[in-house]
Amino acid sequence: MPWTKLAADQSACRLDETCQDAGAGRMISYGEAIREAIQQSMELDPQVLVLGEGIDAAGFLYDTTAGLSERYGTRRVIETPIAEAAMTGVVTGAAVAGLRPVLMHMRNDFLLVSADQIVNHIAHWQKIFPCPNGLPLVLRAIVARGWGSGAQHSQSFHAMFAGLDGLRVVMPFTPYDVKGMFLSAVASPDPVLFLEHRWLYGDKAVVPSEPYLVPLDSATVRAIGSDITIVGMSLSNRDVQKAVETLRQEHAISAEWIDLRSIQPLDMKSIIESVQKTGRLLIAENGPVTMGIGAEISAAVTEQCWTCLKSPVKRIGWKGSTVPAGTKLEEQFYPGVREIIDEVKRIATYGK
Amino acid sequence: MPWTKLAADQSACRLDETCQDAGAGRMISYGEAIREAIQQSMELDPQVLVLGEGIDAAGFLYDTTAGLSERYGTRRVIETPIAEAAMTGVVTGAAVAGLRPVLMHMRNDFLLVSADQIVNHIAHWQKIFPCPNGLPLVLRAIVARGWGSGAQHSQSFHAMFAGLDGLRVVMPFTPYDVKGMFLSAVASPDPVLFLEHRWLYGDKAVVPSEPYLVPLDSATVRAIGSDITIVGMSLSNRDVQKAVETLRQEHAISAEWIDLRSIQPLDMKSIIESVQKTGRLLIAENGPVTMGIGAEISAAVTEQCWTCLKSPVKRIGWKGSTVPAGTKLEEQFYPGVREIIDEVKRIATYGK
Amino acid sequence: MQLEQAYRLYESMLTIRLVEETLVQEYPAQQIRTPVHLYVGQEAIAAGISLHLSDSDYVVSNHRSHGHSIAKGLDLGSFFKELYGKSGGCSSGWGGSMHLCDMDKGIAGTSAIVAGGIPIGAGLALKQQYNAEANITVIYFGDGAVDEGVFWETVNFTGLKKLPILFVQEDNGYASQTPSSQRHAYKNILPIVERFGLMTAELDGNDPLAVAATMGELIQKIRMGQGPGFVRCHTFRWYGHVGVEDDTHTGYRNAADVLSWRNRCPIKAMEKHLLVVDPVAASKKMKATEEIIAEKIRCALQSAKEAEYALD
Amino acid sequence: MQLEQAYRLYESMLTIRLVEETLVQEYPAQQIRTPVHLYVGQEAIAAGISLHLSDSDYVVSNHRSHGHSIAKGLDLGSFFKELYGKSGGCSSGWGGSMHLCDMDKGIAGTSAIVAGGIPIGAGLALKQQYNAEANITVIYFGDGAVDEGVFWETVNFTGLKKLPILFVQEDNGYASQTPSSQRHAYKNILPIVERFGLMTAELDGNDPLAVAATMGELIQKIRMGQGPGFVRCHTFRWYGHVGVEDDTHTGYRNAADVLSWRNRCPIKAMEKHLLVVDPVAASKKMKATEEIIAEKIRCALQSAKEAEYALD
């Protein structure tokens, strides 16, 4: 099995987090890292195939699938009809039978068309059936934002699918993670909903050229701090990062920044460890606040860190569940660095 | 408009909560109350039509639609193909055009087949389009449990659809509420997901025979108490009710029992008022704990009642998101009165 | 049909029938606590198909899955255990009647969502095609499942990719209690799916010999890569949609129809055939077969009753 | 076709064209901040249909909605304001290019989910049938939307209930950059949907006279309750799938095809026709029409640019 070998190699040479900040090395973008990860997964394992709308057509899903069909043939690179429900069933069946299919969606909004297959089938399959092959499939989907994409093309469904034990959900933020987590998603015996963010595609960082794995179930501390913990996810990390810097420089607030990375399962251990130190928590949702993953984190942290919490867990996120199209409406809709800073200041001075 | 008239009549004669415990009056079951509500809504308003699989066929959706087609004709009582996605779009279009359609599903699990229509269309429609007629549609669906119904026929999707501003979600518990809330759902200009519980169909109570409205956005206090607040929803109220009695009688704990009734919007005001008094909160989810509506309630209450909370908000619910079929597995899966009592005792003695 | 095959077909149908009659007997004791959708009356279809399948061929089934699974070789012990929610059940007690599975036998899974299993079947077939196997996937569904869009999406994808699939529509005239005429804008689905590049056949699903013969030919063609196939099998379920009661009294099916279909019992038809083609031995052989099956069922049932409940 | 009608048809097409050419010009200034899917090249379809519709007839549209909406009478001011995200936009600035609406004009809504609007159209038609109106609903969609199951479910329901619907497939050969042949197991959808009880027609969607004539007849039949209809209109979009660029260089469409379709401009065809049937006045009239439209667009655009941004 190529994937067990990769995992073994990795524990030998220990390519982990620290690596990406090493400075030296090849810089590539988030989008390029995805493309490389897809290509390497196909190279590593002939059982990997990719399917989707527009993956073998001009555009190539923002270039992430360019060149694949020339290299691996249309047997392994399957341009599909616009039939998300059936194609989701198809990858389920293929995974049951032992292939490692990756189904790709240009927008995660389209996942809803296949919600029955995801929720009623994929998320239960391994629990109700003995699955000698596991259920190694990846649903890759892009979260978008802005330019008036509006109600049906700017949603983020990480939280809607976060309550299903049988489906992993991840939201990588960095080029390093997106590559390593994609390879882990393909390697995983469990189905994975792999949510990318369109606005991160241009971000560049050092990414090793060889294949490597980043765990699917662990958050990561991206900045160490002592006054408050801020949890970001996917794009919201970008604002968190800026806020953390400003808070340190201008407000003498030392914030610990956790990039959630995994939505299901939640890495509560990392969050709790941090909150035990800081006593304060803000979750920056990349989505509507209500019923966001922040609700679950808040509830769980409050249960488990009651005595060390100095102020109630707070959440910040979109103004609602329908994203408007107009420019100013969009501006009003999304919170930004400013709002995070203000919220942190309120939390830091809570009760004082 | 028949519905404004009904609302007006009602504010005159004040048929409210208290009425149901009045003792005197006609006893009917939850199932009969639904049937009566459907029939009266059709009688009141010729723009109301009902659609669904099996609604005009032997069985009549557990008898709730029996007799309707004889009375109102197949023009208004539309037996449909097994095509939940299209039929959901059909009721959306019909509501846009000014009818008041009610689409019925024997199991709420089948809603997932139409998730795109619900989430990407219904829940956004009124926000993005001027809707002179509102979007007066009802999706009626039954939550089931037990007898090995298993993974695909025992789910409860109230929480999955609770994060959509443009969709009301209700879960009536009593015969009185199920009738009044059904009539309110049909009267509402907004789309309503109306979730019944199959296990409540036999419950009997006093139900006025005339039409009346119960609000779609308010929780109700079903037992007054001072030591802890317990929020139940739909069937979980049944265990809460028993637990509250036992707690009072055997443990000298005075619990306030709130029946949530409405999942979206949440009646946070009622919950907070209660928690301000009791200082303690347990949510008994009728579904998996993780990403349940209890998470949102917990997060919101903690934010808003921080200073009066004596212990962290706790949640109790199903063991996971895949419901097993086997008898003993089911027993292990669902918490019961015992678990609620134990949890309340832990909460009540928290930190002591 | 060769005699040996005919006996196998008979045995397969009779096994399904006797298993389900056992369920009918045992169900009132309320120890089988899972909704059962009986296959009685429709046995010729799964039996006639499975005659031509090996363990490497897949089947995907729906809520009415007993016959499909048993014909494909599901162990009766693990079947009964599953229905009793016992440890050792084919789905470890998690599935119940509507979620049978045995990957070693090619029983890939069962969805209780109408049409939910259909695209999953296409995925199984995609793997068979991908690996250039000569194996095929059989997808079972009813006249109701074709109402769902995902059925049409799958038919299109199958025709496009020429997947090795046999679509088996068990047309018993009703989806639950609703007749096809109230749900379909068309009378016959076959000329429609033909346009998607599927080979088609229409069959009396209660004629075991016809089923076995036609399915055999079609499956052979599919194996040889000549494309996917779709068979519409007219049949009738004897019992109610769910549960173990005769539901004729509820009135949605006319009593004369019920009777006439009962008179067209596929097992009786097979008995008659065997008596004709094997006049000397048939009677005895059938009796022996029945006894063997009954004994197997007794053991399997017993083992299920005695087994421990599945626990988490 | 009567002369007056011909001029209306011309005006309608030209309005769409000039509006979208305005978008092409204005888009690079980045003040129209919403993804635009241009209809240029396909104008004859919406214009030819809308000729036969009143405000009481509904249309439901998809991502490529400008032409459908403008032909149905959407006010240009509220159109431009919507695209500029301004107050006074037809969807209050919430919708953008992909969510146009004007219930007073029968523009019931627009879904950017492929095929998402199709069943909604059936619901609109259900209400028309329910109230025994003589009005109809037109559902616009592409060759891509028929890939989705919900399309087939809706066709079935429509055929079953004989809803007053005109399904309009704008077959421009591609869904985004993927040709039909890579997505459809069948060559022609018409004989398939016919089996569901739909009247069908196949059209050169770039021939405005043919479109107007055929649609007129079919719409009349649908109004009179003769059943639903389905028209496949062959056409071609001149610009890229989204945005205002020519995308021929990306190679998915062959340059010769693009050119040949551009040479079959529906507006040019209409001009030619008017010059033949009204040789004396046409030239002048067309010029006047163009000026009026251009002036209307100037005003509308100006009002949009000057309007306040929509705020929450």
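So that you can tell them apart, the chains are marked A, B, C and D in the order they are listed, and the count of residues begins at 1 in each.
Note that in this section a residue touches a chain if its C-beta (ideal position, glycine included) is under 8 Å from a C-beta of that chain, and two chains touch if they have at least 3 such contacts.
This is a predicted model, so every value here is computed, not measured.
Colleague: Look at all chain centres (mean of CA atoms) and spot the one farthest from the centre of chain B.
Modeller: Ranked by distance of C-alpha centres from chain B, the top chain is D.
Colleague: Between chain A and chain D, what is the gap in Å from one C-alpha centre to the other?
Modeller: 38
Colleague: Just curious, how far off is chain B from chain A if you go by their C-alpha centres, in Å?
Modeller: 33
Colleague: What's the distance between the Cα centroids of chain A and chain C, rounded to whole Å?
Modeller: 42
Colleague: Residue numbers in chain C touching 2 or more other chains?
Modeller: 91, 94-95, 99, 111, 113, 116, 147-150, 153, 156-157, 160, 182-184
Colleague: Note the residues in chain B that touch 2 or more other chains, in rising order.
Modeller: If we look for residues of chain B contacting two or more partner chains, we find 80-81, 83, 85-86, 109, 113, 116, 120, 127-128, 150-152, 322, 324-325.
Colleague: Quick one: do these chains touch in a line, a ring, a star, all-to-all (complete), or other?
Modeller: If you draw each chain as a dot and join those that touch, every dot ends up joined to every other.
Colleague: Under the stated contact criterion, what part of chain C meets chain A in this complex?
Modeller: Within the complex, chain C contacts chain A at residues 58, 60, 90-92, 94-95, 99, 101, 103, 108-109, 111, 113, 116-128, 130, 137, 149-150, 153-154, 156-157, 160-161.
Colleague: Along chain B, where are the residues that touch chain D in the complex?
Modeller: Residues in contact with chain D: 49, 75, 78, 80-81, 83, 85-99, 101, 116-117, 120-121, 125, 127-133.
Colleague: Which bits of chain A are touching chain B when the two form their complex?
Modeller: Its residues touching chain B are 109, 112-113, 115-116, 119-120, 123-124, 127-128, 150-152, 155, 159-160, 162-166, 288, 290-296, 298-299, 302-303, 306, 311-315, 320-322, 324-325.
Colleague: If we count contacts the way the header does, which residues on chain D are in touch with chain C in the complex?
Modeller: These residues of chain D touch chain C: 147-153, 155-160, 182-186, 191-192, 195-197.
Colleague: In their complex, what parts of chain D are in touch with chain A?
Modeller: 33-35, 85-86, 89, 91, 93-99, 111-116, 144-145, 147-150, 175-178, 182-184, 247, 250-252, 309-312
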